[in-house]
Structure formats: C-alpha cells, structure tokens
Amino acid sequence: MKILYFAWLRTKIGIPSETVELPSGVTDVGGLVDWLKTRSPRHAEALANSKVVKVAVNQEHVPYDHPVAATDEVALFPPVTGG
Amino acid sequence: MKILYFAWLRTKIGIPSETVELPSGVTDVGGLVDWLKTRSPRHAEALANSKVVKVAVNQEHVPYDHPVAATDEVALFPPVTGG
Amino acid sequence: MTVKVQREDFDVGAELAAMTAGRTSIGGVTLFVGLVRDMAGGEAVSAMTLEHYPGMTEKQLEAIEAEARGRWPLDDVLIIHRHGRLEPGDQIVLVATASAHRQAAFDGCHFLIDWLKTKAPFWKLEATPAGERWVEAKESDDEAASRWARDA
Amino acid sequence: MTVKVQREDFDVGAELAAMTAGRTSIGGVTLFVGLVRDMAGGEAVSAMTLEHYPGMTEKQLEAIEAEARGRWPLDDVLIIHRHGRLEPGDQIVLVATASAHRQAAFDGCHFLIDWLKTKAPFWKLEATPAGERWVEAKESDDEAASRWARDA
C-alpha cells in the first residue's frame, strides 16, 4: 500500500511517501492511522491529533470509517489551506 | 446658450448642437424644452415625449423644474443605455 | 484610480501588470471585460456604435469610482470604456479592482460594472439585418443596478 | 473548460485572448487574479511555498469547474493554479469565466475562487522573519465558501 504525506505531516514524519504491507486486521482508515503511529516516534507525534489529519483514498477525501485495501493509494494531510 | 443633442435626439433633430438665445420667460428646463419644440418640426417631433427626453445642465442630470440660465450648457438625450 | 473613455482598444494584461507592479499589499484583482455580442434581443448584430457625452461621461465615471472606493477597501480601481464603432468580439469595457481581500475586489467590480451597464451616459446604435436602431434602456439592467442601493 | 496546475507563471492577457477569440456569443468575462501578499496574519511574508497533491488537485479542480458550469450558463471556464515557491507580488491563481451574461460570469468566478481559496488541496508554507510556518485553515474562508451551499 502506498502512503503519501503532505505539508507538515511530510516534514514531521520526514518522508513524502512510503510503501507498507497492510497488516491483517487493518480494514479502515482509522485502523490504518493507528497502525501508522506505531511505525516510529515521528509518525506517532505527527499523527497524534486525528482532528488535523485528513485522509484521501485513491484521491478522494474519506472519513475514518472508510475501508482500505492493499491496492489503495492513501494520502494523509492537514486540513487544506487553499490557494 | 449651448444646447447639445445625443443619440436619436441628435439624429432626429439633425444637428449635434446649436447655440440659442434664451428667450425671456424661459426659466427652467421644462420651459426650455417646450420652447425648443417650436424651433422646427424636427425639434417638435424629437422632443414630443418628455418621458424619454433626459436633460443635463452643466453636465449634471436635472429634473424639468431645474432653473436654466444663459451661460448654461444644456444637453438633451434619451435614457442612457449604458456601456 | 484611473478612468479612461477612449476610442482605442486596451490590453488587459498590460493594464493588470501596471496596476499591480510593485504593490505587494494587493491580494487579488477582480476584472470584468465586456465584449460586443453578435446577438441582441434575439437579433443578429453586425456592429455597435457607442455614443457618449464627452466631459459628463468622465465626470460620472470618476464619481462612481470614488463611490466604490468609499464603500469597499480597494487599493486601486481602473475603468476603461470605449466609444465609437465596435464589432462583435471587440472589447467594450474593462473594470479592474484591486484589494487586499477578494470579497472587496469582487463587490467593487460587480457594483461598478452594474452601474456602467445601466447608468453610464452611453447610447448604443446597433446595426442589424433590419437596419440601424438605437437601443432602448432595459428594465433588467435597472434591477441589477438597484441591488446596490444603500439602505436608508 | 481548462484546468492547469503548474509551476510556471501565466499571462492573463494571452489567456483572455485565447478564451474569447472568435467567440462572439460571449458578452463578458470575469477574471480573478490572486497575488502573494507581503503580509499574512499581521506578519511580514517574504515567500510562500504552495504544496499540492498532484493528480487529486487536478481532479478536484475539474470537479468544481464542472459544478460551476452546471450552476451557471458559462461559455467557458479557465482555472490556472500555481504551486511551488512564490514571492510577494507573484501571481498565484487565475479564474476566468465567460458568459453571455455578466451576472453568470460574476457568480461563477466568485464561487470558484471562494472554493479554490478554501477547499482546494493546497498547503501553504510561509517564510516570515520568525522562520517558516505552515499556514492553518481559516474560519473566515470556510464562511466564504459556505455561502455557496445549495439549499437542501
């Protein structure tokens, strides 16, 4: 699964993207974000406040109860600030 | 007194402007328009319907009871149609 | 703060660049460019001649421009209005309003073009297949302008 | 009907000319040009970097452009949005809407820029005397966009 990070999520975590193996048991966005927090202290800190972590699956904004699958492109980013 | 005509008032009367001697007794716009009607059949026809004859004195829109004086520049024109 | 009534065409890109050059407090510019349409009132129009009252037109445009600046926080306003003979596709009018905030730029520009399209001292002579005709003032335009009336 | 997300600057005059060339049914074009201001939230800004999500950004801009065309009778719509590092005075965004009628052109353009300024997937990094900071989403912008919400 391809994970993309934007804006301060990218700078806090320190990488623009990573490819992860989706663990069994992770079936929705909320589960994915919780699991990503365990990958490093930087992940944990960046993803601590889910209010400011928005998620898109396959380039569509989705809520935390949206399902995720191994072939999805998942992007995590702060609330957009517009142009 | 300088009288200016615009748009179809100009084409109906046939001249863009004329200089007239203000007759005594003509003291306001309404009196002036009535007097101008007597100058030719073309004037009479063009000025027949006062609803569509707007007047500016010294480049300011004015109502028919606005005073006129010999040194004024008076313009007669149809309702503006904008740009 | 510029008003021009002219026969010549104008270059929107150049006017915008001149308005914003070196003025980094401006957050946005709203522009409206009016063009001659090939149709009016359901009839084909091959040309349009705009007549105006030189002197009075400029005075009135300057007055409405000052009113717009009084009502909205505008860093700059530009009005260019052409007169003379124009053909379909030709530019007639440009209104540009610059502001730190886009809402002010939009409101100022919209107010000015509604006024220009209805109250500005211009008269239109349209050339149609049936001949030339002077355009009459439209009710719908008066409504557009009246929505800007201030509350008493 | 064009959406471009690009690093390069754009030429408003050339874009306008391309949009209107030979299309004599267009009565007016409303344009909004957004510029980088030298101040934000009371602080000096020396540069701004716009980050976006390539692919998703274009998709969202195309969707909102289609919505604008569905809501107003627009002959054409152009959106150009830059990304990357920009300095005060630089152009950020152009929205242009062409219509037979100015009200539609105004409403369509205003709707699009309110959306772009609030909902478009861009993130701003501002360079200030205190260092670089990521801009947070603003309440006032959400209000501007919410006025376009359809009645249920």
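Going in written order, the chains are labelled A, B, C and D, and every chain counts its residues from 1.
Quick note on the criterion: contacts are C-beta pairs under 8 Å (C-beta built on N, C-alpha and C of every residue); 3 or more make two chains touch, one makes a residue touch a chain.
Note that the structure is predicted; figures quoted are calculated from it, not measured.
Colleague: If you check the contacts of subunit B and subunit C, which chains show up for both?
Modeller: Common contact partners of subunit B and subunit C, which must touch each of the two, are absent.
Colleague: Mind listing the chains that sit against subunit A and also against subunit C?
Modeller: Looking at subunit C and subunit A together, the chains touching each of them are D.
Colleague: Name the chain whose C-alpha centroid is most distant from the C-alpha centroid of subunit B.
Modeller: Centre of mass proxy via C-alpha means gives A as farthest from subunit B.
Colleague: Counting only Cα atoms for the centres, state how far subunit A is from subunit D in Å.
Modeller: 27
Colleague: From the mean C-alpha coordinate of subunit C to that of subunit D, what's the distance rounded to whole Å?
Modeller: 23
Colleague: Indicate the whole-number Å distance between the mean C-alpha point of subunit A and the mean C-alpha point of subunit B.
Modeller: Whole-Å distance between the two chain centres: 75.
Colleague: Measuring from the mean C-alpha position of subunit B to the mean C-alpha position of subunit D, what distance in angstrom results?
Modeller: 50
Colleague: Mark out which residues of subunit B touch at least two other chains, giving numbers and ranges.
Modeller: Expected reply: no residues.
Colleague: Which parts of subunit C, given as residue numbers and ranges, touch two or more other chains?
Modeller: Where subunit C meets two or more other chains at a single residue, that happens at 34, 117.
Colleague: Line, ring, star, complete or other: which one describes how these chains touch?
Modeller: Drawn as a graph, the chains make an open path, so a line.
Colleague: Every touching chain pair, please?
Modeller: Taking the chains two at a time, the touching pairs are A-D, B-C, C-D.
Colleague: Of all residues in subunit C, which touch subunit D in the complex?
Modeller: So the residues of subunit C in touch with subunit D come to 11-14, 16, 20-39, 88-89, 100, 102-103, 105-106, 109-110, 113-114, 117, 144.
Colleague: Applying the document's contact rule, which stretches of subunit B touch subunit C when the two form their complex?
Modeller: So the residues of subunit B touching subunit C come out as 4, 6-8, 10-11, 56, 59-60, 75, 77-83.
Colleague: For a test of understanding, state which residues of subunit C touch subunit B in their complex under the given definition.
Modeller: Checking each residue of subunit C against subunit B gives 34, 50-51, 53, 55-56, 59, 81, 92-93, 116-125, 134-138, 141.
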